[in-house]
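Chain IDs A, B and C follow the sequence of writing; residue 1 opens each chain.
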Amino acid sequence: MTTTDTGGSGSLSSPYLDRIRTMRHVRNGKERIIEAILFVAAFCAVAVTVAIVAILLYEASTFFEHVSLVEFLTGTEWTPLFERARYGMLPLLVGTVVTSAIAFLVAGPLGFLIAMYLSEFAPPKLAEVLKPFLELLAGVPTIVYGYFALLFVTPLLQKLIPGLPGFNMLSAGLVMGLMIVPYVASIAEDAMRAVPMALREGSYAMGATRFQTAMWVVLPASFSGVMAAFVLGISRAVGETMIVAIAAGQQPNFTFDPREPAATITAYIVQVAMGDLPHGSIGYQSIFAVGLVLVVITLFFNLIGQMLRRRIREVY
Amino acid sequence: MNQPKTLDDNAAMVTETLKAETRKFNFFYGDNQALKNVDLPVAERRVTALIGPSGCGKSTLLRSFNRMHDLYPGNRYEGEIRLYPDDVNLVSPEVDPIEIRMRISMVFQKPNPFPKTIFENVAYGLMVRGEKRRSVLEEKVEEALRGAALWEEVKDRLDDLAFNLSGGQQQRLCIARALASDPEIILFDEPTSALDPIATASIEELIAEIKEKVTILIVTHNMQQAARISDYTAFMYLGELVEFGRTDELFVRPRKKQTEDYITGRFG
Amino acid sequence: MAETQGPRLRTIIARNHRWDLIIGTIGLLATTVGVLVLMLLFVDLVIDGWQRLTPDFFLNFPSRRPEEAGILSAWVGSALVMVVTAFTAVPLGVAAAIYLEEYAPKNWITELIEINVTNLAAVPSIIYGLLALGLFVYILGLGHSILTAGLTLGLMILPIVIVATREALRAIPVAIREAAYALGATRWQVVSDHLVPYASGGIYTGVIIGLSRAIGETAPVITIGALTFIAFLPPIPFTGDPPAGPFDWLFSPFTVLPIQMFNWLSRPQTAFHVNAAATGIVIIVATLLMNGIAIWLRSRIRSKLKW
């Protein structure tokens, strides 16, 4: 095809071509503006992170003008709303650790077994039916799980453990574990599924059973992904709010006994937010200080989890 | 014990012992018939090559011998693959695929070492059988690695990850893995298609050595390779076994037009 | 060789099979635990709260008398907050996804954005509440309003929308893009005429899943100070006199369904727990319905679109 300006027969006619050429700058300008807008939208993700860190640091910094970091990190009494205020956050931290540990003891093994079953054992048809159920379970709002913990699981546990208080960390942790199961299972299953079929075939061709193949070939190959599932599951438990706020009670209590009521970091934030604390008061700032601790903990787990997940993607 | 089944090749005046044979063997992927009435004899301690254009069913046939198709739903065998001297039909539902796979090993197209150490890779077939005695494992691993001509290269780093080996070494490791459990037949599914010429040559040499002890069935798309290493060749086309014969016969004097077209490069 | 190994081999295989069966059964049981918990949860709520699900329950304001209390202000609040959430998350999320998938060069800024998106998805929701409390409520002065709640939840579900949109875009084969470019389309024309329409099913799925998460989310909305006792409705949107009138609903105080439920659940009287259960049924039905639609939509796309 000829594209000369004279407009030979059978080629683009001259005025048409001219228009395309003059439009070129307009077109390029428009394209660039659109790209800039899209970039700004994408950069929002960074902006949100920066905003979170900035707000938490800003409010927490005023808090730490009044409270020493040493007391905050090592004190065993947390009573910021009392007359005689104490600002040792260990009780909140311990409450968080205990509930998360219980949750992990439920979600880790169950999530792993489910992932292994769905990826290695289940007939594909059955897996197709079961997986949406798990997704639905993951979609149930946490407030509903909170109801379940307080008014179903706790009464049930009270029959097994006489003298168990109405608010306790055990029930909250158990239900939180159930809530995280689908999350852990789905990440672990993704990792196992990423193991190439050729490896499984290599194992089956040696006469290995499904269980042998799962434990000796698929698990080692997807190990970091399964670990990622555990780590991200723990992070979910640490940041979970409503279940613990409803079922574990909101009073800080420095104890490792899961039968006792105790507040977690998140439950404390809810308790303060429900009240009517004036903006700028030290109680108000304290939720940002503990929020900062929460962000640091979850960020730590998330980064490890994502690193582990990325590693498995790089291998296959 | 039954009288050994034999394969009589009148033209060459030899009598081979049969290790296996397919009889009126059909295979279906769902409704899709991939193999039609295949009758293939497999001579003991010989190399039998399956050749044919891609999609002709040669890999499907090969994977039927150790029931790999059982791993995926919707697959169906019809007819028989008889394994001798037991004289069982190994695709019969009553026969345990796990047992078949312990007795009939496989080496795949792309090397697929497990994400484990070299030692663990080779010992895998024995571990699957519950063998835990370290001394037995060590002895067998060394024997298999020597058999796969890999021992000298890896004897000082048996605890290294198998991923760190080169492609050719990985494939020889997979062969050692197959050898370690003393299989009766080893199936090779285009074992050199992912390798360079030098590595290919070493694998071919290895196959020639292994066949002293083990029956070999190999799929290859490389006709020169089939001609170089096999004793018998089967030419397959569109799911059917078109021609079977001694390799030197089949390549020199093909009886069927399709075979001739294929080996002279007119299609495929 | 085979004969000598035969019987011993068979016992070993039998043992291996037994283990396989045991573990398979345990796996199946574990998986059904998930399904059972879901059923139990639902049945428990329904048994507790079913009797309160009358039309009056949807048409009454909360009240001190449990049997007269209803969720009118809560479901209206939830609906209005969802509108703001969708208007925040969809344009922002889709645009960000298009940038990351179709425009972004491979450099450290893109890398930074990617890391941030994955990280934001895992930030606890209550942290978004703290962000909103500090930024929207006080620094920007938006107050404890529908607008604040909508923006907060919008930011929270942003990663879900971004990830879903990217996956939908990635599923479109390069050949489609090349075909459009070969006809002289600009990058934006390829995106707007081809990629976004073809990916729309996947984008809807992501948006619905995101909204279903937002509608049940409690913690961040509590943190920004949503009121728990609201006995009035926000102004009807787009009815007031301009300039401020049409949008005054955005700045109205409000409550939402999960907060109403939390409030009733925190009361000691069991009569209010019945109300909480009934509200729970409403929330769970809404979220399950949305999730169900999303799962159905996704399976339909998968079966319909085979590139």
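Rule of thumb we're sticking to: a contact is a pair of C-beta atoms (placed from the backbone, for glycine too) under 8 Å apart; a residue touches a chain by one contact, two chains touch by 3 or more.
This is a predicted model, so every value here is computed, not measured.
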Point to revise | Far-end chain from chain B, centres as C-alpha averages | key: C
Point to revise | Chain nearest the overall C-alpha centroid of the shown protein atoms | key: A
Point to revise | Two chains joined by the most C-beta pairs in contact, as defined above | key: A-C
Point to revise | Rounded Å distance between chain B and chain C, as computed from the means of their C-alpha atoms | key: 52
**Study point:** Rounded Å distance, chain A centre to chain C centre (Cα mean)
**Key:** 14
Exercise for review: Please work out the Cα centroid separation of chain A and chain B, and write it as a whole number of Å.
Suggested key: 48
Review point. Which residues of chain C are in contact with two or more other chains?
Key: 13, 16-17
Check your understanding: What are the residues of chain A that contact at least two other chains?
Key -> 207, 209, 212
Check your understanding: So which stretches of chain B touch two or more other chains?
Key -> 98-99, 102-103, 128-129
Review point. In the complex formed with chain B, which residues of chain C make contact?
Key: 1-3, 5, 9-10, 12-13, 15-17
Revision key, fill the gap. In the complex, the residues of chain C that touch chain A are 13, 16-17, 19-20, 23-24, 26-28, 30-31, 33-35, 37-38, 40-41, 44-45, 48, 91-93, 95-96, 98-100, 103-104, 112-113, 115-120, 122-131, 133-135, 138, 155, 158-159, 162, 186-188, 209, 212-213, 215-219, 222-225, 228, 258, 261-262, 265-266, 273, 276-277, 280, 283-284, 287-288, 290-292, 295
Practice item. Write out the stretch or stretches of chain B touching chain A in their complex. Key: 66, 68, 71, 73, 98-103, 105-106, 108, 110, 112-116, 124-125, 127-129, 174, 177-178, 181
Exercise for review: Write out the stretch or stretches of chain A touching chain C in their complex.
Suggested key: 27, 30-31, 34-35, 37-39, 41-46, 48-49, 51-52, 55-56, 58-59, 110, 113-114, 116-118, 121-122, 130, 132-137, 139-148, 150-152, 178, 181-182, 185, 207, 209-212, 214, 232, 235-236, 238-242, 245-246, 266, 269-270, 273-274, 279, 287-288, 291, 294-295, 298-299, 302-303, 305-306
Practice item. Would you tell me which residues of chain B are touching chain C in their complex? Key: 1, 85-86, 96, 98-99, 102-103, 128-130, 182, 184
